[in-house]
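Next up is a structure, given as structure tokens.
The chains carry the letters A, B and C, assigned in the order they are written, with residues numbered from 1 in each.
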Amino acid sequence: MSPVSTSNAADRLTVEQVLLRDTVRDLADARIAPRAAEIDRTGEFPEDIRQLLAAHDVLALPFPVEHGGVGGDLLTVCLAIEQIARACATSSLILIVQELGALPLLIAGSPEQHARWFPDLAAGRTLAAFGLTEPEAGSDAASIRTRAVADGDAYVITGTKRFITNGSVAGLITVFAVTDPDAPRHGRLSCFAVEVPAAGFRVERLEHKLGIRGSPTAELTFDGVRVPAANRIGAEGDGFAIAMATLDRSRPGIAAQAVGIAQGALDVAVAYARERKQFGQRIGDFQMIAAMLADMDTQTEAARQLLYTACGVIEAGDADAARWSAMCKLIAGDTAMRVTTDAVQVLGGYGYIDEFPVERMMRDAKITQIYEGTQQVQRLVIARALLGQPDA
Amino acid sequence: MHIVVLTKPVPDPAAAAERMGPDHRLDRAASPAVINGNDEYALEAALKLMESMGGEVTLLTMAPAGATDVMRKALAMGATRGVLVSDPVLAGSCARSTMQVIAAALRDLTFDLVFAGADTSDGRGGVVPAGIAALLRLPYLSNAAKIEPDAATGRVRVRRITPTGYDVLEAPMPALVCCTQVLGEPRYPSLRGIMGARSKEIATRSLADLGLDATSVGGSVASTVVLETRRAPARGATRMVRGSADEGAREIVDLLESRRLI
Amino acid sequence: MGALWVIGEPNADGSLARISAEVATLARSVAAASGLSAAGIVVAADPAGPAGELAAYLPRVLAVTDPDAAGNAWAVVAAERAAAIIGEDPHALVILGAGQDGRDVAGSLSALTSLGILVNATAVDWLDGRPTVEMSAFGGKFVTTSTFTGGGGIVTVQPNTVVAEAATKPGSVETAAPGAEPTLPHVAVLDNVVEAGAAAPIEEARIIVSGGRGVGGPAGFAMVQELATELGGAVGASRAAVDSGWIPYAQQIGQTGKIVKPELYVALGISGAIQHKVGMQTARTIVAVNRDPDAPIAEFADLVVVGDLFEVVPALLLALRARAG
């Protein structure tokens, strides 16, 4: 069958991580892969996959054991994302965003907030979403305009968020809003846990996208939505720092998704190259094809190894975490795009039609170069680590 | 209900990488190890009983020290704890040594039932469970398709597969039951179970702990010895026949006739 | 020198199990090579029938009448009686079948007598004053030759290793003394349930026609049975067919089922993956019918007919019947 990276010595995984990876892989192959094409074709959120992941404790992975989670570390969560993404990028987003949306709470939430929301999130009863991006604030996150005005023991939130994954299916959205417009740039924002549906909250539209079509990407309107002050995560003004810390920790999840997509495409291309015969021999024996596959495999493995190492660095709270986080996402996203494009090329005409999954994988791969910080933003992060702050 | 499940790490049959060492014994380090497939059916039966009747499931394994890794999957499936009997002296043990060591380990445990797999994918003997039962004077019930303990009466009822159907056996507990695949598919470990397994205890016992030593058990006093190993003779080339069904049928008849099978 | 013993297994209907006739035939050749004299032991509530049958193969059979053998699980009862007869002789060589009852006896007997065990023998010879036992390991990948360090031991023998052949003249049947009170606990048999569709032990069949996933269902297995009947063989199955409920587990061949070594194995709609392969790859002749020319079975079968088994098997049945007719 097709090659899968299973070298435990190279990956330095614990016995539990190996078991977990293999369990999720088997689950993805048996229950998720058969649904992937249909999810892409219909563009419908796969509620059945969400329940499958919930039932198998996959959504519980990022959450602490004391609140019903499985207590998986960053690498463990990434292993699960990678295996699901091999089969279906959309499905892997369910786990990715469950973690992303909850990360502000995991990083900066109070014990009471943890006890209040983690059980439902871990059980997959409630889905999370991350409400940072706005129509006028993508890469420039600090310039968001959504306002949260204090009013007694609550805040009133007004504004628009755009490109919010799971925005239409989530029950808890961590929303970033301006609490002090006059503060210095990085002190203007605060973060709030907003339970939805709520009065004044509306899902305006869902985007039609190039890829990850089964994932609902929503534009959300907050029209005077009241949230109790107890729902504020961290102190006023902590919002930007929370957002950046969240992204540092969630970027490996995107890298894992990208590595998974690349591996899935590679597996299809290798299987095809072994079977398809032209000019009297299997096409994998032609050097140009063989060279492409070799490069695809090498690049995917390199991205994987950097990801696994980055997870360790970030989990350890290393001062260099942001640089590692950016690097692994940068490499993985570009690799996924290159490998899926080459996979389509290996399959030729068959790669271009939806009878084979590689065209979908290529469309799915593109987003990994864009969300959670574009590749350009990743480069800025890395360069800043090398060069320090610009002279005033 | 306290059930001990005998488990053995064996070379992973799917890897098909078994190799013999220079002493004609299996080189256990050469091939990745997994829990013997048949033991998983015994474990599954034990877990189901624990879930319905309450109680605990203890794994008992005689193996090299690295076996704790292999036992983790069984713990992840839901077993309560593990006991690993390990001692360098035991390398190269024959079936008799194995019976004696496991019987000695069982003497230190309290249990209502001991479950064993039908046989192991590396040895395929299927004789050790009966020997253990005899050494401990436990009722022995084999080839089990169904196991029904009754905590109230202290007796266990077992369906034993026969060539014509099954026999219904009954014995007082504690008893030793040798299980079959018919008991039901083993569950996949849950993620929660996998992560939780690392906090479950695996107690290790050496031979000294069991009151045994190299004069009574282990490779140096093995009752059997391998004189020679060789690769099985390769089969002949395969003849592939593509054509009509009649042509295929003709080829089969010709082959059977040439080998005097019809 | 020790003694050579065969433990005969009685069938439920009072006849002698076929494996015991095979084992006895093997024991005779070991006796001839070693100079030992072979004797059989039959333990039953009424041993006369099976002991008499065993005597056709051995010069001497000890018949042990034990009422406990009826109504209790047989193997433990028989093992204890046999142990009393064999005694503490470290040079005793005990040969019996490797089926479920044989395994149960072998294990119990080893615990009672201190004799070691060699299992699933495919040959037993005599060399330099001791038995040499050939066994197949790891699904037929290796063949090992082993012996006992203490001079004597217990050997379980695979079915179909030897063709049962009666001795030139029948042996004698003696009544054996009942022996001491049993020490091993007996397990009561409350009921014997006969299930429709139960077949003779598949390990004993010389010809097996097996069905796998490709057979598609119970109706397909009716066709498999037809071919088996036409060839005078038994029906086997892969794990997939058993898991789908098309055929009982007793007929499953493979890693978690039976290991068989028939003269002819016909695999219909079976891929031949490792789990099944280890159960049948030492069959003398292997014929496969499969739609997929790249199925793993094509790597080790003697003949592979690539095609739809629902067309090939009827054609084969026609050809076989035309031959016979």
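In this section, contacts are C-beta pairs under 8 Å (C-beta built on N, C-alpha and C of every residue); 3 or more make two chains touch, one makes a residue touch a chain.
Just so you know, these numbers come straight off a predicted model, no measurement behind them.
Asker: I want to compare two interfaces, B-C and A-B. Which one has more contacting C-beta pairs?
Answerer: B-C
Asker: Of all the chains shown, whose C-alpha centre falls nearest the centre of every protein C-alpha atom combined?
Answerer: If one averages C-alpha positions chain by chain, the most central is B.
Asker: Round to the nearest whole Å and give the separation of the Cα centres of subunit A and subunit C.
Answerer: That pair's centroid distance is 57 Å.
Asker: CA centre of subunit B versus CA centre of subunit C: separation in Å?
Answerer: The separation of the two C-alpha centroids amounts to 20 Å.
Asker: How far is the middle of subunit A from the middle of subunit B, if each middle is the mean of its Cα atoms, in Å?
Answerer: Their C-alpha centroids are separated by 43 Å.
Asker: For the complex, give me every residue of subunit B touching subunit A.
Answerer: For subunit B paired with subunit A, touching residues are 69, 72-73, 76, 188-192, 194-195, 197-198.
Asker: Taking the touch rule as given, give the residues of subunit A at its contact with subunit B in the complex, in rising order.
Answerer: Against subunit B, the touching part of subunit A is residues 15-16, 19-20, 23-24, 26-27, 56-58, 60-61, 65, 70-72, 76, 80.
Asker: Which residues of subunit C touch subunit B in their complex?
Answerer: It comes out as residues 12, 73, 75-76, 79, 100, 103-108, 110-112, 114-120, 132, 136-150, 153, 156, 183-195, 198-201, 207, 231, 243, 249-250, 252, 255-257, 259, 263-264, 274-275, 278, 281-282, 284-287, 289, 293, 298-308, 311-312, 314-316, 318-320, 323.
Asker: Mind listing the subunit B positions that touch subunit C in their complex?
Answerer: Residues 11, 13-14, 16, 18, 20, 24, 26, 37-38, 41, 94-96, 99, 118-119, 121-135, 137-143, 145, 157, 160-171, 175, 180-182, 185, 222-232, 235-236, 238-246, 248-253, 255-256, 259, 261-262.
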